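Order as written gives the chain letters A, B and C; numbering starts at 1 within each chain.
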Amino acid sequence: MDSGIWIAAGLTLAIYSFLYRDNPAYKFAEHLLVGISVGYLIVIAFKDTVVPKIIDPLFVHRQWLVLVPVIIGVLMFSRFVSKIAWLSRPALAIYIGFGAGAAIPANMQANILAQIRATVSPFAGIDSIGGAINAVLIAAGLICTLLYFYFSKKHEGVFGKFTRTGIYFLMIFFGATFGFTVMARISLLIGRAGFLLRDWLNIIK
Amino acid sequence: MISLRSLGNIDRKIIFAALFLSVSIPLIFDFRLPNRITKEVRAVYDFIDRLPPESAVLVSFDHDTATLPEMSPMARALLRHLFNRRLRVIGLALRAEGSSIGNGLVHAVAAEYNLQEGMDYVFLGFRPEITSAILGMGENIARVFPKDFRGVPLDEIPLMQTVKNYRQIELIISIADDDTPNYWINYANARYHEAVVPAVTAVMATTYYPFLQEKQIIGMVPGLKAAAEYEQLIGRPGDASVGMSAQSIAHLLILLLILIGNLSYLSARRRR
Amino acid sequence: MRRQIPVILCFGFGAFMLAQFFVPSRLSIEAYEMVVDWTQTIYVFALLVGVAGMIKYHSEKISGKKAGYFYNLVTLIAVIVMAASGFIWGRGESSPFDWFFTYMQAPMQATVFSLLSFFVASAAYRGFRARNFEAVLLLLAAALVMIGRVPIGDYIWSGFPKIANWILDVPSMTARRGIFIGIGLGTIATALRVILGVERTYLGKG
């Protein structure tokens, strides 16, 4: 059998030993994983980004404008020296400003306008009683959920009844999410069990 | 005699062992149950099935090895469908580990169909900073990815000579275990009106239902069960279909544990 | 100046990205592509800073011979071996780099996450209690989704998948939509505050 399978199985069991209790085998595997993951990231970041975005443009195509983001990026390393750590701020500021500017129209379109349209548009094409009930439930539930997140007014009286309904919708959402979370975690266990039983022990064909 | 109260104090090592057995025994005895196809998975299958041959599809491997058992079957099933329909696949990764995962998977599935790299498919590699990568490809893919994973310049790759940006791409599939599909929806769909499909881990499933109604996504492949459905639709059962029996029994076990826990709790509460 | 220049840069890039969305002229698209490029390049250094920080942390623990420093040594050696194998022999399919990834990194990472399934089962058994109406709703929704979204649920009763699908399509989706709209509004408000220089916590102290 492939030595790699044995090593993978050994490391898998070392990590599963944590279920009994924390022990040196688990600690070893955990620290090994961290190291290998960082080593992997260094290689991928260098080959997939540093080479095509920095080295090639500068030394092959002589695109000197690339020096601007390179210098700003190199300044990020000043974070390790507290006296000159402020030099890393421009890089952070550019990155955060870029993200903030891009996020405004994106969120407005995708998370607000489209979602409101999706809530209202079903009323235009109702073709059954079930469809009508669902459309009303969605619209009412959305209003109640949004009202729940309005904390500038005390949740009491009539307002409190709306926010309570919002909580009920949220509880159903959290329950559904929990159900799916269980499903996801079990799927990962199925994968590992399949590996141990099929690839390592050959119990399953 | 076992009392309800004692059932509320089962040692967790027994629970761990029961869970492992509930997964292992069905895998060993491999019984299959019919798997109903959900509408969101059917929508993805129908959309891909209707694409004309030679259409370009972008497949982004936005997950890491932690969720490989769940993501790999759905990625494999989707790639098989794409290659079987003779669609041109452009693979890339917005997560570092997705680079090796995606490269290996795309090559492995393409080999099943005797396809040629550079003509029928290409793998571009990894780019960090999701927002700028997605926005950049909207205007010029070669500027974001000057070379592919092998180091070949994009202007030397026949497939990429006809695909410059999103306008030549019919569909974007994001195989993700986090909220990366949100970025594809917010930027590629909202700004460039690209069709997007999230193929996600079950944990993220409930996140994307709000996008179905307004067609911000054309469908969804959430979790191992959806992967099994897709395998069924393409007629090639694989790891996901095999795992469904184990998934079923494990779910029943957890529901039983929740029931026992609550009965014990209610019994204790009544005594007080 | 140490705080003003970053704030001005943040405003400049933020305002440009916002304005460019509404002014897609040829010139603005060229400038936009350049800005996107620059952001990618800068971000690479952020990754490398993270890596350098991590190596610094482990090196300090080893040199100071702190408790458990053997494990820090394991981490550092693993970083060096993995990175060196990738640079020396490449990352092709039969390379040592690919072997480490396939037989060590991938299995270990998947196993760590699969541990969660055990803890989810134990936590569900111990903590998932129907204490009040809201908890009952949560419990019912979870149970119906868990049974409705696996084949055995359909086998037991064909109504389970229909109920699970309705839960996902209507009440659960509605709450998620409300959260999305809230997140959208919050993101826009925060983004405006950041661009206008009102929010400056990203600058840190000094």
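Methods note: a residue touches a chain if its C-beta (ideal position, glycine included) is under 8 Å from a C-beta of that chain, and two chains touch if they have at least 3 such contacts.
Remember, predicted model here, so these are calculated numbers, not experimental data.
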Pair joined by more contacting C-beta pairs (A-C or B-C): A-C
Farthest chain relative to chain A (centres taken as mean CA coordinates): B
Approximate Å spacing (C-alpha centroids) for the pair chain A, chain B: 14
Chain A and chain C: spacing of chain centres that average the CA atoms, whole Å: 3
Averaged-CA centre spacing for the pair chain C and chain B, given as whole angstrom: 16
Where chain B touches two or more other chains at once, by residue number: 16, 19-20, 66-69, 97, 100, 127-129, 131-132, 135, 191, 205-206, 210, 223, 225, 247, 250-251, 254
Overlap residues in chain A, where contacts from two or more other chains coincide: 19, 37, 40-41, 44-45, 47, 49, 53, 95, 98-99, 102-103, 105, 107, 110-111, 115, 118, 173, 176-177, 180-183, 186, 188-189, 191-192
Contacts with 2+ other chains: residues of chain C: 21, 37, 39-40, 43-44, 47, 91, 101, 105, 109-110, 112-114, 117-118, 120-121, 124, 139, 143, 146, 149-150, 168-169, 172-173, 176-177, 180
Chain C residues touching chain A - in the complex, by the definition given at the top: 2-3, 5-7, 9-18, 21-22, 34-35, 37-49, 51-56, 68, 71-72, 74-83, 86-87, 91, 97, 99-105, 107-118, 120-121, 124, 134-135, 137-146, 149-150, 167-185, 187-188, 190-192, 194-195, 202-204, 206
Chain A partner contacts - residues on chain B that touch it in the complex: 13, 16, 19-20, 23-24, 27-28, 30, 66-70, 96-97, 99-100, 125-129, 131-132, 135, 145-147, 149, 185-187, 189-191, 201-203, 205-206, 210-211, 213-214, 216, 222-225, 239, 242-243, 246-247, 250-251, 254
Residue ranges of chain A touching chain B (in the complex, touch as defined): 19-20, 37, 40-41, 44-45, 47-49, 51-53, 56, 95, 98-99, 102-103, 105-107, 109-111, 114-115, 117-118, 121-122, 173, 176-177, 180-184, 186-194, 197-198, 203-204
Residue ranges of chain B in contact with chain C within the complex: 10, 12, 15-16, 19-20, 33-36, 38-39, 64-69, 97, 100-101, 104, 107, 127-129, 131-133, 135-136, 139-140, 143-144, 191, 205-207, 209-210, 223, 225, 244-245, 247-255, 257-258, 260-262, 265-266
Parts of chain A lying in touch with chain C, wherever the complex brings them together: 4-5, 7-9, 11-12, 15-16, 18-19, 27-47, 49-50, 53-54, 65-66, 68-70, 72-74, 76-77, 79-80, 85-86, 89-105, 107-108, 110-112, 115-116, 118-119, 134, 137-138, 141-142, 145-146, 148-149, 166-183, 185-186, 188-189, 191-192, 195
